[in-house]
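Worksheet: one structure, shown below.
Note that the chains are named A, B, C and D in the order they appear, and that numbering of residues resets to 1 at the start of each chain.
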Amino acid sequence: MQYELKTQVIEPQRQTFTHIAKRYGDKPASRYIEGSIDVQPKEHFQYRPTWDPTREIYDDSYSVFRLTDAYSYLDPRQYYYAPYVTARSGHHEAFATSLEYIEARGLLERLPDGWRSVLAELVLPLRHLESAGQLILCGMARFGWGATVTQSAAYSAFDRVGNAQVLSRVGIALGGGTTDLLAEAKEHWLHDAPLQGLRRMAEETIVETDWGLALLRLDAVDRLVYDLLYQHLDDEAVVSGAPAYSLVAQHMASWFADNRRWIDALYTAWREDPELGATNAALLAEHGAAAVDTALEVVTPFAARIDELLGGSSAVDRITTTAAEVRAAHTGAAA
Amino acid sequence: MQEQTTADDPQTKGVRDVGVVIQESENNRPVIEAIEADNPGCSVMHSPGLVRITAPGRIVITQETVEEKLGREWETHEFQMAIVSYFGNIQEWDDDEIVIAWDH
Amino acid sequence: MAVKSMGEYDFPSRSRQELYGDDQLVSVWFQDTMWFASPAMFRAPRAMTWADFRDQMFVPFAEEDPDYDPAAPRTWMLHGAPFEPRDDQTLAELGVRHKDVIGTRVAA
Amino acid sequence: MTLAPENKTKKAKKLSMKARYEALTRGLDWEPSYVEKDEMFPHLDYEGIKIHDWAAWEDPFRLTIDAYCKYQAEKDKRLYAVLDGFAQGQGHLGLTDASYLNAMKIFIQGVTPLEYGAHRHFAYLARHFAGPGPRFAALCQSIDEIRHMQTEIHTLSNYNKYYSGFHNWPEEYDRVWYLSVPKSFFEDALSCGPFEFLIAVGFSFEYLLTNLLFVPFMSGSSFNGDLPTMTFGFSAQSDESRHMTLGLEAIKFLLEQDEANVPIVQGWIDKWFWRSYRVTALVAQMLDYMLPRKVMSWKESFELYFEEQMLGGLFEDLAFYGITPPRHVEDAIKEKEILSHQVYWTLYQFSFAAAFTTSAPSDEHMDWLSQAYPDTFDTHYRPLWEKEKKNIEAGGRHFAPGLPQLCQVCQVPMLFTEPGDATTFAQRESEFEGEIYHTCSNGCQWIFEREPEKYRQAWLPVHQIYQGNCGGPTVPEVLEWYGLQDGDAGEYIGSRDHRNWQAWQGEAAADTATPDETKAGA
């Protein structure tokens, strides 16, 4: 504290790093910016990778989607590690609080039968879909180009493990503190007809080596499934006496809204690229539309099964509407 | 470096040391005390900011002792806030104890 | 053993001689002093004479050592054996290859 | 499987930590049927490693996502509070000396980018391993490595505002000669298959050598008034403990899966021990020459953290599997008496082209070195510095007027001497497809000759400068291409940092009337 008394102010020699100042001017930069911009090595790679000798160890040709300047993409949430884990710490704590409440009130035991089946047969198996998301996003975190992109992907990959664990914890609670329902959920995932389209798309997307295309497909499925399960069914749960479902759904929905932000920002950066924007927009229209069409095809039997369990046809209607909206956003056509 | 004092127990001859390095801080002092209490043959070495505890063959950190020293509940996961390094193999990391030992 | 790889793994040296045109890389290794922390590397024309190499490259570098004595006779080593370069011989004629190391010390 | 006895009623209702961890982490994968498994995990066969049962992977930490986020958020909260307080209180003025920061300049230039590389390639493991246990462990490490990169940047960002040499580190990592040492090391690992990478970085670097790299160094920060670095260092090390465990688990897993893996793994240990060890040369000189207040010598830390803990402990354990201590380890042991001196002497004379400054050790410093190295310092290195002292008095300052010959593998200048002979530079020459390649040691030559097709691609800075690929043929052009600014390079005494430091300390002393006695360099 000795220097607090003095009158002199020591003038900084510079406000930020040279590479940051070149982009934004020599002024104080945020921790997100200093911790993310230009940190990926970009030249004079020493050795070709043995796992793909046709490329460099970091290579922007791993996706058809490219940016003239990789750092024109910024995560709108400005997640660097500290705010990311802090946000997720709060998220998981809030979920734990909800789960405690659910368990204390015995709300899972009091779920109407249809809702219990939706959870056990259709929602719990999606922990495997989350696991697929983890693989897909890890691929992006490795093969993407530029640290802002790979950082967002890595956090999102980590989130998918978190989501799988949230679902698993619901499964354990629903199974009375045992893992029986998780084992059953895996059987549903492997064998039940309403889930096979989703599983096929998951497997095919995992093996897609273009991380941009893989992201588009994962995102297309997510947008139908998350909206259906955690927005639409949340509303339904409230009016159908299934508060346990609603309490869980809110956490998945809030995660999804947060996660969509970085993906939308990436699409925007692709589209607005000064040189590659038109190419990227055409690629988004083509591959985005195809991804949504496939997603609708594979999610339809899943939604139909929900309608069967809960009665009505609102689930299928909902995904059909959402698919049209997402498709229109990709192609630029009016919905 | 300071001299280490090692228990000259004939039983420990030929037994390889394992060790754990902990950041020296107010928060960690009860943890260090708990390790000393549970591992009577250990030696302790201080260097700036660090405490290095070694013992022949095995070191155990038990939840019960740490909670006693700390005066509050303590999860073994919290040990991650204290540990800087170790040598040996983490054989067990469970609710009630952490064990560092060589396997072979 | 060869590199284990998923696909053909055969890339050229990034220091190969052809990248230096008519020149080549040559290092000088001071074998009797630790003043220079490592051998020094130069780029020199293959057609450069020994006298030019010595006077234009070796001497200006060596002079940085305050104990360097330009008048002291020196011995030279190439490919593990002593050699006696004549001033008018080119590096190529002396058998100095791309990236070769020339050892030197003050004659005893 | 044995069930742990329930010793506390308060926890009786919950699944045990192990059961909970397994329920939440394992069992997430499935056998694909719409694509082939080989198609899903195509990188697992080509290195020759055989895995029969991915479920045999044990992760002792058993951290679930909620616990991970909780403890990591808490760690970062504490760390950033320290950084903010230090910046607001002009804490940098309490360092032992501005020259201390040269160590940190090398750190941000040469180590921080490795953290980023580790983030990327642990994500690769998290994508390509066929078991959910190791995938999750790798993913945790991948994002931990982002943490380390960013906490390093954020810690050093404050110094960057007041001192030279920090400002252009990413470009320097890609371009500057001495940084090709860590860069080529890490890119060597990144270009490997998943199992070799795991042994290279997870085991050889994180388990064998990380203590040697970080622990004495962080004690040095603490001793030199650098509270933020000490805090980030210790905080990062707590993650490293998890990474070390991953590395150790990895090696045991591979060795236990199939006997045929043993010789492959042994080859990797032999290679990566030496490759990693060569990178620690930069740390050796930091410990012995760059810290104004010394904590322990390189030799001492090598003996403690490597010889005692690793050779005396770990390798005895691995002998069970038929693993022997790394090839060439005897050469490394012989070097402990001389390594730091030779490396610093090199950096001293080439620092005109570096983003840090150097200075000749003071008499006091040399006395410390004599004590720490009774068998070598006075015989070999004091005479060099005494000669340099006269040279300086005569108006000189030893900068090598040219470029060094580099090792084709480790890319360190060819400064190392023959094992056991501190006065004969080591030169190893290998020929491959008509071209000759030089290496600095038995270890690097062995590595080259195992995989010459790999190492001939090396982007050696000196060779590139001579090809005209580095901004131009003259030294000033190269330095401009490096992005160096006035004050970044050369001699510390009289440098911009030194002049500022003296002025700031003078003003601070005048302001406070009593000079801070704790900061006189010991």
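Observations on the structure shown:
Heads up, the rule we're going with is that contacts are C-beta pairs under 8 Å (C-beta built on N, C-alpha and C of every residue); 3 or more make two chains touch, one makes a residue touch a chain.
Everything numeric here is computed off the predicted structure, so don't read it as measured data.
With centres taken as mean C-alpha coordinates, the chain found closest to the middle of all protein C-alpha atoms is D.
Between chain B and chain D, the centres computed from C-alpha atoms are 26 Å apart.
Remark: chain A and chain C have CA centroids separated by 58 Å (rounded to whole angstrom). Centre to centre, using the average C-alpha position, chain C and chain D are separated by 32 Å. With touch defined as above, residues shared between interfaces to two or more other chains in chain A number as follows: 48, 50-51. The multi-chain contact residues of chain D, meaning those touching 2 or more other chains, are 43, 46, 74, 193, 454, 457-459, 464.
Contacts between chains, counted with the stated touch criterion, involve the pairs A-C, A-D, B-D, C-D.
On chain D, the positions that touch chain A within their shared complex are 13-15, 19, 23-25, 27-35, 39-40, 43, 46, 64-66, 68-70, 72-74, 76-77, 80, 89-90, 93, 112-113, 116-117, 119-121, 123-124, 126-127, 132, 135-136, 139-140, 142-143, 146-147, 149-151, 153-154, 157, 160-164, 166-171, 173-175, 180, 183-184, 187-188, 190-194, 454-455, 457-459, 464, 483, 485, 496, 500, 504, 507-508, 511-512, 516.
Those residues of chain C lying in contact with chain D across their complex are 1-6, 9-17, 19-20, 25, 27, 29, 31, 34-43, 60-61, 64, 66-67, 97-101. Residues 42-43, 46-48, 193, 342, 345-346, 348-350, 380, 384, 387, 390-391, 394, 396, 398-406, 413-415, 423-425, 427, 429, 435-438, 450-451, 453-454, 456-460, 462-464, 466-467 of chain D touch chain C in their complex. Across the complex, chain D is touched by residues 1-8, 10, 12-19, 31, 34-36, 38-51, 57-58, 80-82, 85-86, 88-89, 91-93, 95-96, 127-128, 130-131, 134-135, 138-139, 141-142, 147, 150-151, 153-155, 157-158, 161-162, 164-165, 168-169, 172, 177, 179, 182-183, 186, 189-190, 199-200, 203-204, 206-207 of chain A. Taken in their complex, chain C has these residues touching chain A: 3-9, 11.
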